[in-house]
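Both complexes shown next keep chain A, but they swap its partner, so chain B is in the first and chain C is in the second.
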Partner chain A sequence: MPSFSAGLWENLSHDIHYIWPHILLMVAATLMLWPLDSWLMPWTKAEKHKWALPTLAILVATLGLTLATPNGLGFSAMYKVDGLTKGFQVLCILGSIFAVMLSQNVLGALQEHTVEYYVLILLGTSGMLFMCGAVDLVTVYFSIELMALCIYILVAYLRHQGRSIEAGMKYFLLGAFSSGILLYGISLLFAATGGVTTNLTELNQKLALVSADKNLLVYSGVLMVLVGLCFKVAAVPFHMWAPDAYDGAPTPITAWMATAPKAASLAVFLRVFDTGFHNLSYDWTAPLMVISAASMILGNVAAIRQQSIKRLLAYSSIAHVGYMLLGVLSKDAQAGAQAVWLYMLSYLVMNTGAFAVVIYLQGKGEGERIDDFRGMGKRHPLLAFAMLIFLLSLAGIPPLIGFFGKFYLFLLAVQQGFTTLVVIALLTSAVSAYYYLEVVKQMYFKEPATEDGAECEPMDPYAKWLITAACTLVIIGTAFGPQLLKWTDDIRWFEKEAPKAAVFELPGK
Partner chain B sequence: MEQLLASLGQNLFVLFGLLAVGAAGVMIFTKSAVHSVIGFLFSMLCVAGCFLALQAEFLGVAQLLVYAGGIVVLFLFVVMLVELTKYQEKGIFQTQAKFAVPLVGAGVLAFAGVFRGILFGPNAGQALVLKLGLEGATEHLGNAQAVSRGLFADFLLPFEILSVILLVALIGAIVLAKSERV
Partner chain C sequence: MVSMNAVLLISFLLWSVGVAGVLIRRNALVILMCVELMLNAANLNLIAFARQAGTVNGQAFALLVMGFAAAEVAVGLALVVALYRKKGNIQVDEINLLKG
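Here is the complex of A and B:
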């Protein structure tokens, strides 16, 4: 009979294969903090921006490791690798890669280059990877905290700007508050099942069997978990932090916040509600429907009045979350995960593209107000064309990739019987087309306010590549849009539970 | 006797729990920052009492040492260092009380409804019985051992994530507080 420590070691050596990507991220991030760069990378001594490239290399390596991770369940049934995990992990890593590519020149222009910025992106990414695979509410909670803490700091990163500090502070306070609600909900569910498990699969079985006098306890627990998670994806009415945080954060971080954490949080949503609370769908379907509809309506309507392109994209991201929650509502978890993943993929590409254009223009000394886009079609015809593609795709105008994302999602929702919600979604999509096209109108049909021809700034090579790549991806995705659903059909998003991890031997038995 | 002790434990738990909630209320509603910290300290002591009533001595003592011994002292230092009176005059504190108080009242009523069934229903007290160890642990296992099993066996992954969270907090404090960026 193996001793306790031998059992620990055996389990660890068995389970560690599932988290190599996370280990790479964490170890690399910690090493980057050591003042070893002048030894390890002597050729970069003169450069100030030397950290973007190593960070990119680490993220690409992580992407490779993630794809090579075997499927399975480990760490006392706390972490699972399956199609859902891998699919959303890829999205998170892609989002981080894009953010790092955009960061270089922005930080350089602001004289705010530090290694900690990249370290925090890497550690935040590792938190997101944990979120995607977490199958236990305790792991869910801690990985959300890891991700969120990195984002709080990065939002407040430009601490000489009042609005950055304000945004970071607001986000931190509301985020801490929402974490408290989430944790309280988890503890109520833990108590309702008799205080024995937080594992999602077991919770699903046990929650359906609780006695009648605990029904209220389960109901309030589920609702509080729902509220806590909705805070993280900024769904209405828990969206108050989003516009301020998006506006105050450094623009690359805004692009990152709008994509990667959303992908991770939606993975948690799918996992928690479609496996953990699947038998309780009666409890959460109606609230989630209301939240989804409110996000679509308020996000799109509030976006109309925005003057700043960052705030506009912030409100539009609230609306996009509303659409994606339709997939979480789906009773067919497999199809729901597939539709959400496709939507998130298209959203990731087109949203990052739009932010890259904004950052590129900022690098040229232009502002981020929508008025500043006036006459862009003449000054930067290619850039304006790329922005046109991104905006039309975000609006979901056929035949661009954003249309296919919306189409699959709405089709699924209609099949599942959420016709009212789909009608609301279609109407609000029409509203969203209005404000996206407003920007297009500014670009092509308005004369620039002043003609100073600020072409002196050096080009931002990363942003240029990224705009080109994103634009190409959107167009390629458009060409293959009808096949996308077929290709992702083969991915098994939810693996059937593997047998439970070994129970440890007790000492002295 | 045994029955009396068992019911005493349960009653102590409820008593300490109510005291902790009351102290937390003092912490939030008092106007002076020092009083807030004292309320926080008292609340943490009561939570330690809750742990002791559940026969989790190790957690109770750790709670006492870490919170009462460490964190509250830090809080007091910060309160003494920061001059809060000048903000008090500006009236930036407690400006939303007239919305907050009814909301909190409604929340308290809602949760009273939730817990009524637990505390006074047919299976009252069932939720208050401590389950020693989550998996396969037995009664004779010591308290500290049970905690360490939890940390290093069942909850190894969250424990490791937590250590990274602490690292991030450390980095964040430096990033936000460092005066010059190189």
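Here is the complex of A and C:
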């Protein structure tokens, strides 16, 4: 029997090519924390903003490594690289890149630049990358928590502001609570298999065959896992942390939380429910349908009465999660993953764009409230136009890219027979147009609150590029829709294979 | 050998105590402890069933969960300290700047 370290080394040397991107992120983050920050590059507090550039370089390198990773299954069938993994990993890394680009000005204005901020973003990103490829409930659980621990700290990052700490505290308590539920659900499923496996493929085979007296175990286990994951994507009725956390967090982190962790959590959703619990769909379809409908309705209705743009975008993100759960419900896992990916891609672009505009306005001490947008059409015509495009796209108005994502997702849901849900989705989309257009009304048809004699502060170059690029993509994106569709059709989102997971026997037995 | 139903019952009771504590108690530290109870209830299941099946998968999982619990408490306590410095107490009822 090989020793523990020999076994570890063998596994690692055999499968390491699957996780080079993660290793790069983790090693770089660790080095940034210790020798680089204190010895090699002892920048003063005012110079810490220089860290953004190396961080961006690392993330871009990670993106390249991710695309170059070979497909396959490794680490005792705990981590898998396939179309789903790579597709969602790319979205997560893009989300992190955007967040770092947006962080510059905000942190500079608050004098809060530290190396830890960027390190936590990198570590959180590595957690997301693991989430996208996790095919065992063990890896699912720990990668979710690796991501979540980093985000808790980042939400409470502005520790001299009561709001930021409060947001972090609320998010932490509810997140820890939900992770307790998720873990207990996992342990029940493990018990239902008789204590043999947590591998999703094997769970799928074993759980469908359990004896009648264990049905309760399976049912409650599946429901608890569902609840735990719904907390992570902020689906109603497990959304109560989201508006507060989005509101109190530093705005670049809000932009990040609304995109990258959502993409990773949806990848987990697709993987767990379409691989792991595929044969148990009778148990989770009805609850998930209710959750999806409730998210669409409550998210959109609650967004109407918001005064703060960040809370408005928080509630709208709850509604968007409701739409994306339609793709998880799809019985055709392949098409479902494709639809969710396309939707997430368009959501990433338009949501980041909208947050970039908010962040720019915040740099001038406004933009927090919807009233602050009054007269923006006159003061910043270009910026107001960009915001208009992003909001219309979020509302799903053709021919912008948001329409394309929604159209494809709803079409799939109709084909799969979820007509009622699609009707709800269409009606609530109409509601969402109301509150997005309310902001547009403030921008173009209201006079500015104060006479505009204020200086027009130049935007930082990162944010300017980002807004320009996002705006262009949102406008012309639909033109490339058919190509994108054809291209993603060729991706094999789920590689069908069932190698055995390792089961280690106890020596004494 | 102890019956597995007894294990499930005990772990469910532990978990319920944890859930009830999170929902009822208002002190952030006590809530943290209750979350630990929930995690340990799951650990009990993992270890008991792994032992019954004679595999170590579940036991390794439980060890990792303990490691994670420590990391979570580290972050949680840091947040509690920051909250205490700002507010002077750690009652979750009294953090109410954000609402709507």
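Heads up, the rule we're going with is that the second predicted complex is superposed on the first by the 468 of 509 C-alpha atoms of A that agree within 3 Å, B and C clash if a C-alpha of one lies under 4 Å from a C-alpha of the other, contacts with A are read in each partner's own complex, and residues count from 1 in each chain.
Everything below uses one rule, namely that a contact is a pair of C-beta atoms (placed from the backbone, for glycine too) under 8 Å apart; a residue touches a chain by one contact, two chains touch by 3 or more.
What you are looking at is a predicted structure, and each value in this text was computed from that prediction instead of being measured.
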_Partner chain(s) touched by A:244 [first = chain B, second = chain C, both, neither]_ = second
*Who does A:311 touch here: chain B (first), chain C (second), both, or neither?*
second
*Look at A:289 in the shared chain and tell me whether it touches chain B only, chain C only, both, or neither; answer first, second, both or neither.*
neither
*Report for A:126: first if it touches chain B alone, second if chain C alone, otherwise both or neither.*
first
*Using the touch definition from the top, say if A:145 reaches chain B (first), chain C (second), both or neither.*
both
*asked:* For A:163 in the superposed arrangement: first (chain B), second (chain C), both or neither?
replied: second
*Considering only the touch criterion stated at the top, classify A:180 as touching first (chain B), second (chain C), both, or neither.*
second
*Just chain B (first), just chain C (second), both, or neither: which does A:116 touch?*
first
*Where on chain A do the contacts with chain B and the contacts with chain C coincide?*
138, 142, 145, 149, 152-153, 156, 159, 188, 191, 194-197, 217, 503-504, 506
*Going by the contact rule at the top, pick out the chain C residues touching chain A in the complex.*
4, 8, 11, 15, 18-19, 22, 28, 31-32, 35, 38-39, 41-43, 45-46, 48-58, 60-61, 64-65, 68, 71-72, 75-76, 78-80, 82-83, 86-87, 92, 95-100
*What part of chain A is in contact with chain B in the complex they form?*
4, 7-8, 11-12, 19, 26, 30, 33, 75-76, 78-79, 111-114, 116-117, 119-120, 123, 126-127, 130, 136, 138-139, 141-143, 145-146, 149-150, 152-153, 156-157, 159, 188, 191-192, 194-197, 211, 213-214, 216-217, 220, 503-504, 506-507
*Inside the complex, what are the residues of chain B that reach chain A?*
110-111, 113-115, 117-118, 121-123, 126-127, 130-131, 134-138, 141, 145, 149, 152-158, 161-162, 164-165, 167-169, 171-172, 174-176, 181-182
*chain A residues within the chain C interface of the complex*: 138, 142, 145, 149, 152-153, 156, 159, 162-163, 165-170, 172-173, 176-177, 179-181, 183-184, 186-188, 190-191, 194-198, 217, 243-244, 247-248, 306-308, 311, 503-506, 509
